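Pasting the structures in now, so scroll down.
The same chain A turns up in both complexes below, where it pairs with chain B and then with chain C.
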Partner chain A sequence: MNDDLSRSEIVMDQWPSVVYPADRRAKLLRFGSLFVVLALWELVGRQNAVFLSYPTAVAQAAWEVLVLDDRLRSAFAETLTGYAVGFVAATVLGIAVGFLMGQFKTFDIALSPYVNALYATPRIAIIPILVLWVGIGFGLRVTIVILSAIFPIIITVRDGAKSVAAEYLDVARSFVATKWQTWRTAILPGSLPYVFAALRIGAQRSLIGIIVAETLAAVTGTGRMIQDYGQFFQTDRLLVPILAIGFFSILMTSALHLLQRKVTPWERR
Partner chain B sequence: MISGRDVATRPAESRSGAEQDREAFADTRWGAWLIRAVTLAVVLAAWEIYGRSTNPALFAPFSAVVSAFVDMAVTSNELWTAAIDSARAMIIGFAIAIPVGIAVGLAIGRYRTVEYVLDPYVSFLYALPMVVLIPLLIIWIGIGTPARIVIVFLECVFPIIINTIIGSKEVDRRLLDTASSFCASERQTLRTVVVPSMLPYIFTGLHVAIGTALVGMLLAEMLVVLRGLGGLIVTASNSYQPDRVMVTLLVLVAESLLLVGLMKRIRHRLIPWSSENESTSI
Partner chain C sequence: MTKRFRRLDHPVLRDVSLTVPAGGFTTLIGPSGCGKTTLLRIVGGLETASSGTIRVDGVPSVGPARNKTMVFQHFNLFPWRTALDNVVYGLEIQGVAEKERRERATDYLKLVGLEGFEGHYPFELSGGMQQRVGIARALIVEPRLLLMDEPFGALDALTREYLQTELQRICSQTGVAVLFVTHSIDEAIYLSDHVLVMGTSPGRIVREFPIGLPRPRWTYNVRADPIFAETRAELWGELERELTLGSPGSQAMTE
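Up next, the complex of A and B:
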């Protein structure tokens, strides 16, 4: 089986949750370096505004494109709607298919080659042909988000049974739990951490997918705006959606970490 | 420290006895192959029937894809030319990312000061989908081959950095204590303790990076230069030739499975003492 693929990414998923001792030296170094970087950027950027832009110009551009003008705001809204709908659909479908594959060996054997191959293949490659099939609007956004997010979810839910401690399965068997009961009380809760890891991977991958789709095909949306600002060399404006997407990605990951802590209280230390 | 609790890879638990009996057929070698063959036949038949009934500008039946493959790969060699063109930029970007990723990861993982200074930026860039940087990169370095290499590099350097960081923090304390008891220099410690115990993690990073390198290669070819396999996909789609798109997609699937398999093979050669599962458990 190809489950090591998903495992590899799950390990990396730990990085943002690394907990540091918040000592004063750490704070000092972090804010110090941030200050130095921003100051240097401001100094060097002013010499060549098209090439690098500079922090105050970016702040001013942010005010212009986010507050005075509503084009970028409505682009964000459009992107986010497609992202949210696709992500929820991928979660539901992914858990359902993963469950079927985990519980019924025939399904697993039949579908695994396709799931593993699609998991390993870069999904952005299918965007141009998806445009022919589903057009360039909302449908494209939802489809690419589903295709980006669903395979990590399927694989982790499928392998969920393997990641549950043997004792729990033994207890379930001793109490003559049915297959469904075993799944609901032991396998599902036991594999939740992995499912959340998969959701975080899916969240990241679908963000890539939706931006590429919007850059390649959609005439609106955040990807399109980024492309436009780039083509007109408006580096200060270009940096606004770039920074926004970076922070959104971090926000999404932290929100999923938080939700995980809420639904798996027994994992808390 | 890294919280390892939700990644601990438990040993694969075998299925319950009753389950095995009930699905004994699927467990036999022949049963599995039969199921796979039947699925494949159903998939191919559905593909063919649907493909023939629908608009040929949008979807191609399996037989058309086969003849397009012959056309692109046997009669002419445009498919191989494109694949080699793609692979070249990808391999260069990947090859640069390996030493850079390991060096940066090692510096962050081993030295607290470096970690405090750099980790906000590494975290941010790791979370950022690299595709949004492409317009900026075009302003900075244009649309030539260097841009392709840089995009691949950016796509695969962060998985390597992050796995190296995790690996260098997971070095066995006792081994480090032994090294310092024997007055090992920093260099000796790195060479004899740190690097060997990090290798499995580095390989995990490379494993992920192979996948992201392919993404970077395609991003560059689809959004920046329109060459190689990504370029083939875009031009064939825009000229309504779904058979050619599907051929290229199948080549990509084969290429990514091949690269991942190759990576596993190399890993097994270089660090036979660590199986994939051991290394990825923290």
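Up next, the complex of A and C:
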């Protein structure tokens, strides 16, 4: 503890004094508010455990369903596998189709109506027919993730490719770059910020999609566990997967942000 | 060598004809909207003329080409490339081997006075330094004609004056011919062999001023030379007339 304090003092000397206190205040505020919320929840939740539950009970429930028992753990694994496979497929396909539509009018005109219509169709509406086609297991997870993620990815990447500043294209043209060279040296790097925005939207949407599908149709998986715990009024257990999903979503977003910083170091943020 | 641009006919330009002598420095000056940037972009092949021809070294030149390259007002550097990788661009597109193009880019960065900044990204460079990178990028393919569209327009006055001197040095070292667009009378006189005054609606060349000031001009105080003051007054008179004849907005300004 003492070591930490002295270290933070050294850091304070090195950083511009305007930045550091603001940064520290933000951190303090974030942890402070978390602490207050948890404390209030504990106090109020103890009054009505079935309705609200409370942090210590949730922590204990987490220990029970994740460590002592492996049902929720294997449900997480199932969900994650479907999510990962689907998201990778949606990323690869979505980026490719998005760039094709951004580059070639033919593709754009031919595919736009379908992409826009499917983008606007609520995912939940197509789950019954998907169950009919691919069943209720791994196939459903992958399909729903792809369908949830791919359309926002296509649309965002297409818009990004189309909006690459004319000034970059002027440079490519004035040096007589071929179409392929122009794409590789100007359009692709110029639209990378859009690609990352697309992936963030895709990651969020497919997470919603897979949980909804599992809750509605699957006999296993995280969504199914949420339903089970809910039906038996095991509020403390119910909150474990819910919090885990929220945590996972934050993790995904931060990972994508980190990756973006690595890939596009020229972007000042 | 002659570069002849004959009878261009564009909605904003009519019957424009001009020649930039080999190794010469010709400047287009005129009120906003007279089409000087459009003319430059047509010469560079980034826009097409409705009629007329552009010749470089007597050979008709349609579309962009490596013997005529552009320097842009807002630099147009790729923010995802370092200074060196921006300069290398033209050679990369031509398929020059990696080692050779890096060596040449290093030389050109040295030519524009940016030795040691090879690995810097554009956002780490000042505006003046970014435009030096832009100049090096345009020169590396060894063009016969350099097309400069208000290259110093986005820079502060001090940097601007400094780069004007630098540009003269670079031109005399490389022997490249320049077609330059500017809003600044002083800049036009200081840099050019010929200044072409353009008028609006339709854009056309109104008058040509040869600038007889001896070179190199950075060795003496050009602005104190009586020829400078005379040319400046004459040029301003011509421009003022064009401004008054021009758009209603500029009329209101001069009235």
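Criterion: the second predicted complex is superposed on the first by the 235 of 269 C-alpha atoms of A that agree within 3 Å, B and C clash if a C-alpha of one lies under 4 Å from a C-alpha of the other, contacts with A are read in each partner's own complex, and residues count from 1 in each chain.
The criterion applied here is as follows: a contact is a pair of C-beta atoms (placed from the backbone, for glycine too) under 8 Å apart; a residue touches a chain by one contact, two chains touch by 3 or more.
Keep in mind it's a predicted model, so treat the numbers as computed, not measured.
*Asks:* Given the touch rule stated above, what does A:Gly135 touch, chain B (first), chain C (second), both, or neither?
*Replies:* Neither partner.
*Asks:* Look at A:Trp266 in the shared chain and tell me whether it touches chain B only, chain C only, both, or neither; answer first, second, both or neither.
*Replies:* second
*Asks:* State whether chain B or chain C is in contact with more residues of chain A in the superposed arrangement.
*Replies:* With both complexes superposed on chain A, more residues of chain A are touched by B.
*Asks:* Contact-wise, after the overlay, does A:Pro189 reach chain B, chain C, both or neither (first, second, both, neither)?
*Replies:* Touch partner of A:Pro189: chain C, not chain B.
*Asks:* Please indicate which partner A:Gln181 is in contact with in the superposed arrangement: first for chain B, second for chain C, both, or neither.
*Replies:* So A:Gln181 only meets chain C here.
*Asks:* Counting only touches as set out at the top, which of chain B and chain C does A:Arg173 meet: first, second, both, neither?
*Replies:* both
*Asks:* Who does A:Ile126 touch here: chain B (first), chain C (second), both, or neither?
*Replies:* First partner only.
*Asks:* Do chain B and chain C touch any of the same residues on chain A, and if so, which?
*Replies:* 173, 267
*Asks:* Per the contact definition, I'd like the list of chain B residues that touch chain A in the complex.
*Replies:* For chain B paired with chain A, touching residues are 1-7, 9-13, 15-16, 19, 23, 26-27, 32, 35-36, 38-39, 43, 57-59, 112-113, 116-121, 123-136, 138-140, 159, 162-163, 165-166, 201, 204-205, 207-208, 211, 214-215, 218-219, 222-223, 229-230, 233-234, 236-238, 240, 242, 245-246, 248-249, 252-253, 256-257, 260, 276-277, 280, 282.
*Asks:* Which residues of chain A touch chain C in their complex?
*Replies:* 167-168, 170-177, 181, 185-186, 189-190, 192, 264-268
*Asks:* In their complex, what parts of chain C are in touch with chain A?
*Replies:* 44-46, 63-66, 69-70, 72, 74, 76, 78-80, 89-90, 92-93, 121-123, 141
*Asks:* Could you pull out which chain A residues touch chain B in their complex?
*Replies:* Listed in rising order, the residues are 4-5, 7-19, 25-26, 29-30, 32-34, 37, 50-51, 104-106, 108-111, 113-114, 117-118, 120-122, 124-129, 131-133, 161-166, 169, 173, 179, 193-194, 196-197, 204, 207-208, 211-212, 215-216, 223, 226-227, 229-231, 233, 235, 238-239, 241-242, 245-246, 249-250, 253, 260, 267, 269.
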